[in-house]
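There are two complexes below, and they share chain A, which is joined by chain B in the first and by chain C in the second.
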Partner chain A sequence: MKTLLNVLHKDMLIEWAARSRTVALLSFAYTILLLFAFAIGPDAGALRLHAGAYMWLGLLLTSTLLLERSMRIEVEAGALSKLLLIPIDPAGLFYGKAIANTLQLLLVGAFSVPLIFVICDATLTENIGWLGLTLILGSAGLAAPGTLYAAMTARLSGSQLLLPLMLFPLVVPVIVAAVKATSLVMLGDPMDQIGAWLTLLACFNLIYWSLCGILFGRVIEA
Partner chain B sequence: MARVDLEVAAHERLLIIGPNGCGKTTLLNVLSTLLRPSAGSVSYPGLAKNPRKDIGLMGHDIGIYEDLSAADNLRVFARMSDIDPAPIRALLATVGLEAGDQAVAKYSAGMRRRLALAALLQAQPALALLDEPFAQMDPGGIAGVSKAIKALPGAVIIASHQVQHAAPLATRAILMDCGQIRWTGRADQAEAAWRALHHERGEL
Partner chain C sequence: MKNRWEIAIGILGFLMLAVAHYIGLFVSPAEAMMGDVGRILYAHVPTAWVGLLTYLVAFIAAIGALLSGKAAWDALVEASVEVGLLLNAVLLIQGSLWAKPTWGVFWTWDPRLTTTAIMVVAFGVVLALRRQIDDPQRRLTISSVATIVAFVNVPIVYMSVKWWRTLHQNFSSPETVDPMMVIPLRLAAFGMLFISTAFVVRRWRIAMAGLRVDFEAPDLPAAPTPLKVED
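Moving on to the complex of A and B:
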């Protein structure tokens, strides 16, 4: 637990020191959302219908930059080797980094929501708490496997290409469940399906967070 | 590497010299436990059960966070290692750096290596492995690094091409060539052995 908190503190310190990169990341997410809106055109109905999908695709594309960078800071100047020689608990390192990545994805998500409401003319038909919970579970579902795969690809050339190639197929269930839950919050949920989709998201999170935590040590030692 | 048989005593200062690609960095990585040997074994009788606790490595990648300041880097590693972060200013002064807010990304290569040495001094390893500690250093930096290496408490293994700076810090030296130890002797004889190898290879 102490390692987890130390890693989380360290990652937050680095993100604060390099906050201009976070601004660039938010700008990237906004650009993607605006491009979706321009591509669909002035069809308010279509934009509103697919607002959830645009939001999560924007978050998914942004996550690849964020996740790749989160491991690059560990390997580019050999900091990971130094951590291994401390020696740091690999599980603590994984959970610290995965939580830091989840928090950053949540930040991107929180900034994306107002823009989605504006450009897609979306409305909230259900409790905003459901949207918050979807954002938390969806971001966590992207961050856990993303942190593991970012560690696998960080030392390879072309890591920026390899990471999305490996990550996207794995997180399809997370994206589907998150899009469905978000769409239900925005368009209405007459059949009370939100709970089922969020339960599915929680189950995938449980699998990803436990499996990736176990595998991370082997990955960084390799 | 092949048939490398090497013993290092506690508090010994060993210099490794040899041409590029002879296996110096590989040997240091194997000794650090970060690289597993494909054959043979390494034992650490004087170190902790998990020898990593007692090993410090300053490799080509020096192990820092570029976005943080020098002091923040040392603070982060002190927290991770559960050691007292208090004497950071003094540590940085030992290697000729100031505890400013400037990110390490703006440091020169020599300043980065000095920071890496400060991190080693902070960790106080029983076995310190230094790969080219004098690379990209100006004369002032070389003096600072030499002073810092002398202050390291345990055994120190230095791999360096700059024999004239590294030899005075060591008691024993080995010369590597093509992954094997070609010569072992006193550190003050290392430069002569190095010249002899160059002569043999027709490079002098």
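Moving on to the complex of A and C:
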């Protein structure tokens, strides 16, 4: 637990020290959302209908940059090997980094929501709390396998290509469920389906937060 | 040629497949709704069964490799993922060939299809990863982890996309179809199983030979070529 908090604190400090990178990341997310709007054209109906999909695809594309960087800072100066020499509990390291990544993804998500409402003319039909919960569960679902995969590919030459190649098929359930839940919040949920999609997100998180925590130690020791 | 039982099993598998397809094409009755198009069942369903079974072998091998760190398990991961991927790709091609006359399109947005397509990428990446890592011990760990995660994901993807409407056939039971349809299906399934077993064992031997080279004979730096010095 102490390891977890220390790692989380360290990662947050690094991000704070490199605020300009975070701003660049947010600009990237914004640009993607704008590009979706441009690609669709001025069809307000289509934009409104698919607003949830654009938001999550934007978040997914941004997440690969964010995750890759979070592991690169560990590998670059040999920080990871030194951390392991302390010695540090790998599970604590994983959960610390995964929570740090979740928080950053949440930040990107929180910045995307207002923009989506403006450029896609989206409306809020259901309680905004559902949207918040979807964002939290969706970001966590991207962060857990993403952190593991980033660690696996960090030292490989093609890491920038391999990470999204591995992550995207894996997070299909997250994208499906998060897009559905977001769309339901925006367009209305007469059949009470949000709960089922959020349960799916929660199950995915439960499986991958435990599985990746177990496997992470093996990956970084290799 | 000692200890090459997989060749015998492979030949047996091909023979069984040939007999099964002869019965399937010329003896069995045509499917009630689809007609002759439905006869792809005898090729498609065994490919799907054996493909999933091969991925299951890969999953078990990955756990074995991770726990024991032994090269034999690692070679089995490589062999079974590769054969599984081959069956998976063949499955998609067969499915598309069948879908065009039946559904009118080669590809459609369907849970079964989506899951299968995602499996190709998820397991294909395992092989890509293996090619990227030179150190045998790291390759064992990383590719085993990737295999486990890919395998665990398949049922989740299936469940998540299942909640969209589905077009793909559901399971049918042997009691509801003509016995002359059950026989070729069973025969083809075992034929496919034997062929795939032969492929996996053969590929395992090749992978083991490769690993043995890795473990026993490290690459030596090339000896410097002396310059010719003329007096």
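In this section, the second predicted complex is superposed on the first by the 222 of 222 C-alpha atoms of A that agree within 3 Å, B and C clash if a C-alpha of one lies under 4 Å from a C-alpha of the other, contacts with A are read in each partner's own complex, and residues count from 1 in each chain.
Methods note: a residue touches a chain if its C-beta (ideal position, glycine included) is under 8 Å from a C-beta of that chain, and two chains touch if they have at least 3 such contacts.
Quantities reported herein were computed from a predicted structural model and do not represent experimental measurements.
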| item | value |
| --- | --- |
| Partner chain(s) touched by A:9 [first = chain B, second = chain C, both, neither] | first |
| Touching partner for A:170 - first (chain B), second (chain C), both, neither | second |
| Touching partner for A:73 - first (chain B), second (chain C), both, neither | first |
| Touching partner for A:83 - first (chain B), second (chain C), both, neither | first |
| Contacts of A:148 with chain B and chain C, given as first, second, both or neither | second |
| Superposed model, chain A: greater residue contact from chain B or chain C | C |
| Chain B and chain C contact sites that coincide on chain A, given as residue numbers | none |
| In the complex, chain A residues that touch chain C | 145, 148, 152-153, 156-158, 162, 165-166, 168-170, 172-173, 176-177, 196, 200, 203-204, 207, 211-212, 215, 218-219, 221-222 |
| Residues on chain B engaged by chain A in the complex (per definition of touch) | 32-34, 50, 52-53, 55-57, 59-69, 72, 76-77, 79-82, 103, 112, 119 |
| Residue ranges of chain C touching chain A (in the complex, touch as defined) | 66, 114, 118, 121-122, 125, 128-129, 132-133, 137-138, 140-142, 145-146, 148-150, 152-153, 156-157, 159-161, 163 |
| Chain B-touching residues of chain A, taken from the complex the two chains share | 2-3, 6-7, 9-10, 13-14, 17-18, 73, 76-79, 81-88 |
